[in-house]
Amino acid sequence: MLEVVAEGSGPLFMDPDPDKAREFFRKKNRAMVSKVMSVREAVEKFVHDGDYLAIGGFGANRIPTAVCHEIVRQRKKNLIFAGHTSTHDFQILAAGEVFDRCDIAYIIGLEARGLSPNARRYMESGKVQVCEWSNYAMALRLKAAAMGVSFLPGRNLMGTDTFRNSAAKVVRCPFTDKLFVLYPALWPDVAAIHVHEADVYGNCRIKGISVADLELARAAKRLIITTEKLVPNEVIRQDPTSTVIPYFLVDAVCEVPFGSYPGNMPYEYFSDEEHLKQWLTVEKDPEEFRRFLDKYIYGVDDFNQYLELCGGIERIMQLRAQEHLILNTNRG
Amino acid sequence: MAEYNTMEMMICAAARYLEDGAAVAVGTGAPCAAAMLAQKTHSPNLVIIFEAGGVAPILPTMPISVGDSRTFHKAIMASGMCDVMETMQRGMVDYCFLGGAQIDMYGNLNSSVIGEWSRPKVRFPGSGGANDFGSFAWRIMVITPQDSRRFVERVDFITTPGYLDGPGAREKAGLAPGTGPYKVITNMAVMGFDPETKRMRIESVHKGYTVKDVQDNTGFELLVSPELEETPEPTEEELRVLREEVDPHRYIIGR
Amino acid sequence: MAEYNTMEMMICAAARYLEDGAAVAVGTGAPCAAAMLAQKTHSPNLVIIFEAGGVAPILPTMPISVGDSRTFHKAIMASGMCDVMETMQRGMVDYCFLGGAQIDMYGNLNSSVIGEWSRPKVRFPGSGGANDFGSFAWRIMVITPQDSRRFVERVDFITTPGYLDGPGAREKAGLAPGTGPYKVITNMAVMGFDPETKRMRIESVHKGYTVKDVQDNTGFELLVSPELEETPEPTEEELRVLREEVDPHRYIIGR
Amino acid sequence: MLEVVAEGSGPLFMDPDPDKAREFFRKKNRAMVSKVMSVREAVEKFVHDGDYLAIGGFGANRIPTAVCHEIVRQRKKNLIFAGHTSTHDFQILAAGEVFDRCDIAYIIGLEARGLSPNARRYMESGKVQVCEWSNYAMALRLKAAAMGVSFLPGRNLMGTDTFRNSAAKVVRCPFTDKLFVLYPALWPDVAAIHVHEADVYGNCRIKGISVADLELARAAKRLIITTEKLVPNEVIRQDPTSTVIPYFLVDAVCEVPFGSYPGNMPYEYFSDEEHLKQWLTVEKDPEEFRRFLDKYIYGVDDFNQYLELCGGIERIMQLRAQEHLILNTNRG
């Protein structure tokens, strides 16, 4: 055993054993069959109470909103959440109180928009057991899992309370005698990622930044893809350089146009800052927030109905204009 | 001299530290405005990097998220978080900008909790990429209001490492040598860090403020640089670029 | 039965082990032909992977390099070496094919040197991706001629791990449990490995050969499976697909 | 210090200290200035006797042939070479005897084409000090450097003579108590990579497999890019998703059309199997091989002259037809 120089006292929610992961992946089906299904079906089949859940994208950018809504609508519970680069996704899941454990890198906030009053209340309620990390620390944990090893080294977190409340360990490098933090691999039970294009088998393309989604797709044991649109397999095969997630990682492919709404989808539509502001406003009053959730999430059947409530195609067209800087000044 | 507000003053002061050919990792808001201003004035070769993957974009408007599509608009590369963080870990990024609810005399930053960690009085977002930036970049820059509830003797929680508990502490903890807090820019002053003690010290005071003003709004004893000076005011040209090109809609400078 | 040559026999025998829905990492030559044959007969969902980054291509002709453009022709992904090797390290690849200048009774392979490592009599290419494949894939397959200079008591150099020095040795060395050599297919026989001793054993002998033939062309004592049988001959359909669709120009089967 | 359970006894040619690398990269120029120059100039400026050299591509696919020729022509010496996925590039450099130390993953061979008699003689001559690795082990060493850490873990090499003659070490994971090989980071002094498109600053695009070149570009202290063609910076900025090497890693940009010849350049031209066979044939006789080198490398000024000797544009057109399967049977 490497001599451990220091270690965090935070809880390690998932087993970093690469052999258990190997046994799981050995059995994962590699047949090239259609995995197209509704978001409802995907969440029913692949998100189980108690699962460790991770969500792709960054903040409110390229997020699988429909999956977050559906998890809340199906009243999943006791999940463990990867609070990594999460903003509006966290806000939705916190609204449903679907998780009771959380790895924290970034939570509660919506970046420049402010903090979510409800998510904050939930995290201050004592109902959620937490462990501290940073964005890169969490990305490294996913990268370790994607690589099939139980740890990766980094030179961050050192000397801080973030480290002391993490589940990382400090060791000395046997080549240089220098200190490194070792991060335990994280294989989420299930992840959801929103992409620009996918075929029915799950071969995916993303335009713009990939954040930590390439690592997440490879680390997750089960993977739900929502896609702006389905494309023929021939389109994928015409340009294999552009595939970033191969089909054999994927369990469900759900076509969800405008699926990152109210978040930003690069090259497609900008974020709906008015609707996001509405969330932050109604959250101040728990009673009003309950009515808001009843209307927008619990009271609808699916994401398309939610979109309709938010202004439908008309609203998307405005956001598309904003994304393309057609109305440069009209930023909500 | 032209009229200017506090935010304009802070952005102009910060921009001047970003020399041509440097690379800077920024967030949204004032840091991004400072980087844009530097790029459009004295540092055309400033490389602006966002943690979610955007590298050297041509920013059309202020991003609202460090991962929104503005952050890689006409960028030279739309990459990912690991690639950006590892570029920083390799030592290729000179500056980063950070904030926080609390900062102490060693430049340690708290963006996690107020009160006990296990039962926080107030929960904040946590590190995000801050700890990574503060560990990997050569120099940490902070733009924040001068306020004694913010500048505290001891942060409740060290989210991101400053000089920890003093000289040699970063290196002892294992952080890369030669890194650490560089400048703290507030509405009243620019503070640096004493090379010997690694304690925060006033290096220049903005026009209209005194050392006493700054100390009165700080919850710990500040050192004062032997070369204390008045912070140069924004120039007309800086203000013009800032107002006309960097933030024409006054998202940041109108705050 | 149809006429067939030795190479055709070996390719057909190998192809049968690749069940539908499995993933296989291959090199050029016979292994690639075997994988293509399996895919075009009983295993339409066989996933063929090349170490340089080609994933599930539609192979137009036989690749001459595991990194040439054929290996990602109409592939589902043109990736890189780390992504492929890490997919294997995660346990997602069932089979790999390997070769070498020497193989021993535990299936250890030598593709590095003959003689002392420090002053080799003969230098070979080295591991390439072989050690990685042999460490990460669940099952190692070998196609090689039966020859006692090749099947040796002890390889001069273990480039790629078989069962090392016997039962439990892979696990003790740290290799992933449940992995190791699976089948060795030659011009004379198919050999597997005894589950207890991990020693190579004859499982089936090709038509026209005897156990004695195989042993006479092997430099160590072979075990014999209690269920020893004759290797099924290639079927007409297998040969047709192999000759017409897999290798119409006889690059491999014409050797 | 981590307890080392086992360690290879091979030589470690490069210092894996991440802080020395950081000091180097701190000073590397990040200005967006034109780096266009000739291959001759690039090799004069950036390849020094004694340097650790790494070459991109895989085997004879997407290799910077012109740089390999030029290094031989300029009679560089005492280099250390990364013998990683190397075939024709190795053959060229061995012909010039430019290196005297070598990290071995794959050398001497040309895959299905056979072994290089000359390279083999050179490696059996006792003139070259070696260390053993595997392809992924070398890729991991570059990846460690690209990540800015001094080591990365893997589960390969274990139990073999490859390990015993490497410079890797085995340790126990402090999270799982399992054994892992740690690979020391490798920061090559200089690397050369051939790409499809680059702008004058060095922003690069690659079509098809990237092999280990993304890691290599980030690990190398100095980087020479040869490109099939130069493209305007606007083209790069139009599609930042396609950039795989950002300009600030790059020191020289050399436009070398058909620059992977006689190797394969995906989507452009297939390998010239006849010319590669000629190399293997003439190498059998050292005297004949000397004359061959005099004619094709030492006797020409640059890569364009070499191309002319090999059949020029006419030959490339044939290889382009082969690449596009226009003459499916004409494989040399």
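A, B, C and D are the chain letters, set down in written order, and residue numbers restart from 1 in every chain.
Following the convention adopted for this analysis, a residue touches a chain if its C-beta (ideal position, glycine included) is under 8 Å from a C-beta of that chain, and two chains touch if they have at least 3 such contacts.
Because the structure is predicted, anything quoted here is derived from the model rather than measured.
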{"item": "Rounded Å distance between chain B and chain D, as computed from the means of their C-alpha atoms", "value": "40"}
{"item": "Centre-of-Cα separation between chain C and chain B, whole angstrom", "value": "57"}
{"item": "Chain A-chain B separation of Cα centroids, rounded to whole Å", "value": "28"}
{"item": "Residues of chain C engaged with two or more neighbouring chains", "value": "72, 78-79, 82, 89, 136, 176"}
{"item": "For chain A, residues contacting two or more additional chains", "value": "18-19, 148-149, 154-155, 178, 180, 207-208, 240-241"}
{"item": "Touch-based graph of the chains, sorted into line, ring, star, complete or other", "value": "other"}
{"item": "Contacting chain pairs - touch in the sense defined above", "value": "A-B, A-C, A-D, B-D, C-D"}
{"item": "Residues of chain D touching chain C in the complex", "value": "57-62, 83, 85, 87, 104-109, 111-113, 115, 120, 123-124, 126, 132-137, 139-140, 143, 154-162, 165, 170, 178-181, 207-215, 264, 266-267, 270-271, 273, 323, 325, 328-329, 331"}
{"item": "Residue ranges of chain C in contact with chain D within the complex", "value": "27-29, 51-54, 60-61, 64-69, 71-72, 78-82, 85, 89, 108, 112, 117, 119-132, 135-136, 157-161, 164, 169-170, 172-176, 249"}
{"item": "Residues on chain A engaged by chain D in the complex (per definition of touch)", "value": "1-4, 12, 16-19, 148-155, 169, 171-178, 180, 182, 184-185, 206-208, 240-241"}
{"item": "Partner chain D, residues of chain B touching it in the complex", "value": "20-23, 45, 47, 55-58, 72, 74-79, 82-83, 86-92, 94, 136, 138, 176-178"}
{"item": "Parts of chain A lying in touch with chain C, wherever the complex brings them together", "value": "18-19, 21-26, 28-33, 145-149, 201, 203, 218, 233, 236-238, 240-241, 243-244, 246-248"}
